[in-house]
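A short write-up of the structure that comes next.
A, B, C and D are the chain letters, set down in written order, and residue numbers restart from 1 in every chain.
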Amino acid sequence: MGKYTELQREAYEANMQIPAQHLALYTWGNVSAFDKAAGVFAIKPSGVPYPELTPESMVIVDLEGNVVEGKLRPSSDTPTHAVIYSEFAVSDGAKIGGIIHTHSTYAVSWAQAVKAVPLFGTTHADHIQTEVPCTPYLSREAVQNDYEKETGNLIVSHFRSLKLNPYEVNMVLVGGHGPFAWGATADKAVYNAAVLEEVSHMAMNTLQINPSQQPLPDYIINKHYMRKHGPNAYYGQK
Amino acid sequence: MGKYTELQREAYEANMQIPAQHLALYTWGNVSAFDKAAGVFAIKPSGVPYPELTPESMVIVDLEGNVVEGKLRPSSDTPTHAVIYSEFAVSDGAKIGGIIHTHSTYAVSWAQAVKAVPLFGTTHADHIQTEVPCTPYLSREAVQNDYEKETGNLIVSHFRSLKLNPYEVNMVLVGGHGPFAWGATADKAVYNAAVLEEVSHMAMNTLQINPSQQPLPDYIINKHYMRKHGPNAYYGQK
Amino acid sequence: MGKYTELQREAYEANMQIPAQHLALYTWGNVSAFDKAAGVFAIKPSGVPYPELTPESMVIVDLEGNVVEGKLRPSSDTPTHAVIYSEFAVSDGAKIGGIIHTHSTYAVSWAQAVKAVPLFGTTHADHIQTEVPCTPYLSREAVQNDYEKETGNLIVSHFRSLKLNPYEVNMVLVGGHGPFAWGATADKAVYNAAVLEEVSHMAMNTLQINPSQQPLPDYIINKHYMRKHGPNAYYGQK
Amino acid sequence: MGKYTELQREAYEANMQIPAQHLALYTWGNVSAFDKAAGVFAIKPSGVPYPELTPESMVIVDLEGNVVEGKLRPSSDTPTHAVIYSEFAVSDGAKIGGIIHTHSTYAVSWAQAVKAVPLFGTTHADHIQTEVPCTPYLSREAVQNDYEKETGNLIVSHFRSLKLNPYEVNMVLVGGHGPFAWGATADKAVYNAAVLEEVSHMAMNTLQINPSQQPLPDYIINKHYMRKHGPNAYYGQK
C-alpha cells in the first residue's frame, strides 16, 4: 500500500464526479487533491476515460511537476495545477486542497467570449462576491514557452492585478479555453465547478431576457456571501 | 413517535421531489409543509444534501420562526416561509399548506433580469391568470435589518400593491434572487415550482423567436384558467 | 374483456411514450387511437398521471364526443380529437389512426410566438414538405362557444385555407397554445410530435445563428420527402 | 460465421453509441466501419431502430455501393459513405476507418444556417485546427441526379477547394442537412461527431454572449492541436 493512498482516493472520487455532474465529455476534465505538508498532489492520468480510472491510477506529482509515484503520465494540465498550488496555497497561504479543470458547456462559452461572468443574482453571490474573472488570451510568447505552466502564471497574475483573494474567489475562466476552480478539498473544487457552470448558464439567459441588465447591488451581494461564509454565517449546520 | 410525524413525512417527500424534478443543484432549495391548526410548519434542515434527509430530520418551526421540535438548524429561508404562512394563509385565509423555494435555472434567470414572466400561452394560463410577478430588489435597509424576514415582507407587499390573490397566484420571483411557490399542500407547491420553471423556459424562447410578442388575449387566459380552476371546472376527474 | 381492448392498449402504450420521450410534464399531454370502422377512439382519462394509467383506464368515445365505454372522464381535449378524426379521417379520408396533443417546450415556444416553424433543413423535410403551420389565436366567440371543439374547427379551417393535405402535413401549432400531431397509428402520432419538438428546437437555434436565414430550396425539400414517402421511396426496409 | 464478422461488430457497436451519446432521435443516424484491404464497409440497415440492431444486421457494401453481404437494405446514405471512403481513404490515402452521419441538434442548427462553426476555443482546437467547414446547398442538378452520391461529391469538392486535409479535418456540415464525421475507426468517428455537437453548442452560446467574437488566435490553435496530435504530442498515455 502506497504512502499516498488516501490522497489518491480523494482525487479518484472527485474525478468520478466530473461525468456524474455532467461537467465534461469523455476525458476532458481533471481534478487533483493536494497534500500541503507533503508538497505533492494526486492527479488524473492523461487521456484515460473515467470508467477506467482507479484510485491507484492517480499520479502523485510534486510542485515542480515531477512524478513522484505512479506508472501513468499525469494530466497534460498538471503544470497549471502545480502553479496554482505553489502560488495560491503555499505562497499566499490560501486553504486550497483541490483543483479542477473542466470543459463544461456554459462556462466554456463565456471563456470563448473572453468575458467575465457578471454577478446577477444570489445563486452566484452565495458562492463568490465578484464576477467570475476571465483572463485575456495567453500571449504568443507564453504559449510557445511553456504553455500549461504559463496558463497557471496567467491565472495567478490576473488574480493579483485584480487584487482577488484566491480563497474567496475560487473559480476562473481562462480566455479562449475554459474554467478552473478550486476549494478546501478536491470534492469542494468539483462543487465550485458545478456552481460555475450553473451561474454561467443563468447569466447567459439573464442577458438574453434583458441585454442591459446591471449587476446585483453590492449590499445584497455582501449579505448573501456573509450569511454563508462570514464570521457569523448561519447557513448549514454548526 | 413525534407529534408531527405526518407533517414531517409530507415535508420530507416534497423536498425529495426537488432533485427528482431537477429544480435545484445540491442543497439549493427547500420545501415546508404547514399545519394551520397547530400553527407550525415542517421544513428542510439547512445545508443538508437531499440524499441524507430523513422524515425525522425535518425541523418543526412556529410562525415566529422558533424551533419547536428537531435537533438540526432549519433552512436559512425559514423566516421567509413564516411570513408567507402568517400573512397569506393565516391573515388572508388562503388555503396554503406548503411553500417551496428553489434556484431552478430559468426561473432564476428571469429573477436575475428582475422581470415578471409574461403570460404568453395556455401552459401558463392553465395555472395562473397573470404574469408571474417579480419583486424589485430588496432595499438596503431591509437587507441589513432582517434579510429573510424582509424577503417575505417584500413578497407580501408586492402582492398587496398589485392586488394579487395569493391563492390564485401561487408563485413569485424575488428580484435578483429566485422563485418561491406555494400550494394547498407541500406536494402542490413543488408542482407549481415545476410549472414556473417550464413556463419561464418557454417564455424566454418565445421572446427569442419573436422579441415583440404580446401576451395571450384575456379571453383565452380566462377560459383556460376557469376550465381547470373555476366553479365549473372540467379538467381532471370529479 | 371489453370490445375495445386492443384499441385501449394502443392508446395506453402511446400515452406512456409522452413521459418517455419528454414531450410533457405531469399530465400535460394526451394521445388517442382511432378505430374508423367502429367510429370510436380510445383516449387518456383527464388529469391522471402517466404512472397511474392502465390500458383499461383509456376512455372510449364516439365522434360526437360521447363516452361509449369507461368509468373515467376523458381528456378535456377530447372534442378537439373528435373534430380532427371527423374532418380529416372520415370526411377527407386521410389515413389517420392516432392523434396527440402535448406541451413540449420548443413547439409550445413557437405556438406562443404565433409563428409557423420554418422549413430550414432535411430533418424537417424528411417528415413534411411545408413549414409547420400555426393557427392564429381562437376568436373570442369561438372560445366562449365551445372551446375544445372550436380548437378542432380552427385547425381544420386553417388547413383548408392553406390547402394543406392532413395526411402529408401531420402536425400543427395552435397559436398561443401548443402542438397537435397525428399519424396512421397512435404510435406514429407520438413519433411526429417528437419530430416536431426537435425541428422546433433546431429552427429556433438556426435563427439565433443566422436571423435572416431563408428556407431550404424547394428541390431539396421535395427530394427528401419523396425518398422517404414518395411512390419510389427507398428509405427503410421494403 | 461470415467473413466480415469483426467489421460488423465494429459497425454495430459504433451505431449503438448514437443513442447512448444522444446524437440522434429514433433511426436518424448511421455509422459504417471500413476494411480498406477488402474494399468494403459494414453499415447500419436503413430505418431499423437501434434497439433492434444486431451485429449480423450490419450490411456489407463495396465502394460502388453494391451490397456484398446482408439481407437488409443498407442505410439510404450509403452512397455518401462510399464516396468519402473512395476519395479520402483510398485516393488520398487518409487513415479513415469509420464514418458517421447524425442529426444532432446543434450541429444541424449550424448546417441549417449554412455556416461553418467558428473556432472559438481550445475545446475545438484540441480536435481540429480550422472552423468546421459547411458546404453550400447541393445544386438542383446534383439533387435530381444521384442525391446521396452527390452529397459525397460535394463534401469532397468542398474539402479540395478549401485545401483541407481530410485526416486532420474529420468533420463537416452539409448545408441545409447536417453533420458527417469520420476517424481512424468507427468508434473514433462517433467520438468526433460528439465533439462536433459540443463545439456547435458552445459556439452558438459564445456568439449569443458576444455577437462580434473573433476566432481564437492561430498560435493557440496550433499549440492545442499539436499537443494532442503533433509529432511530439504529450496528451494521453504513450
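Here, contacts are C-beta pairs under 8 Å (C-beta built on N, C-alpha and C of every residue); 3 or more make two chains touch, one makes a residue touch a chain.
Computed from a prediction, not measured in an experiment: that's the story for all the values here.
With every chain reduced to the mean of its CA atoms, the largest distance from subunit C is reached by A. If you average the Cα atoms of subunit B and of subunit D, the two centres end up 47 Å apart.
For the pair subunit A and subunit B, the distance between C-alpha centroids works out to 33 Å. Along subunit D, residues 208 each make contact with two or more other chains. Pairwise chain contacts in this structure: A-B, A-D, B-C, C-D. Partner subunit D is touched in their complex by these residues of subunit A: 25-26, 28, 45-48, 72-73, 76, 103, 105-106, 108-115, 137-138, 140, 143-144, 147, 176-178, 204, 207-208.
Subunit C meets subunit D in the complex at residues 120-123, 126, 191, 194-195, 198, 201-203, 205-206, 208-210, 213, 216-217, 219-220, 223, 227, 234-238.
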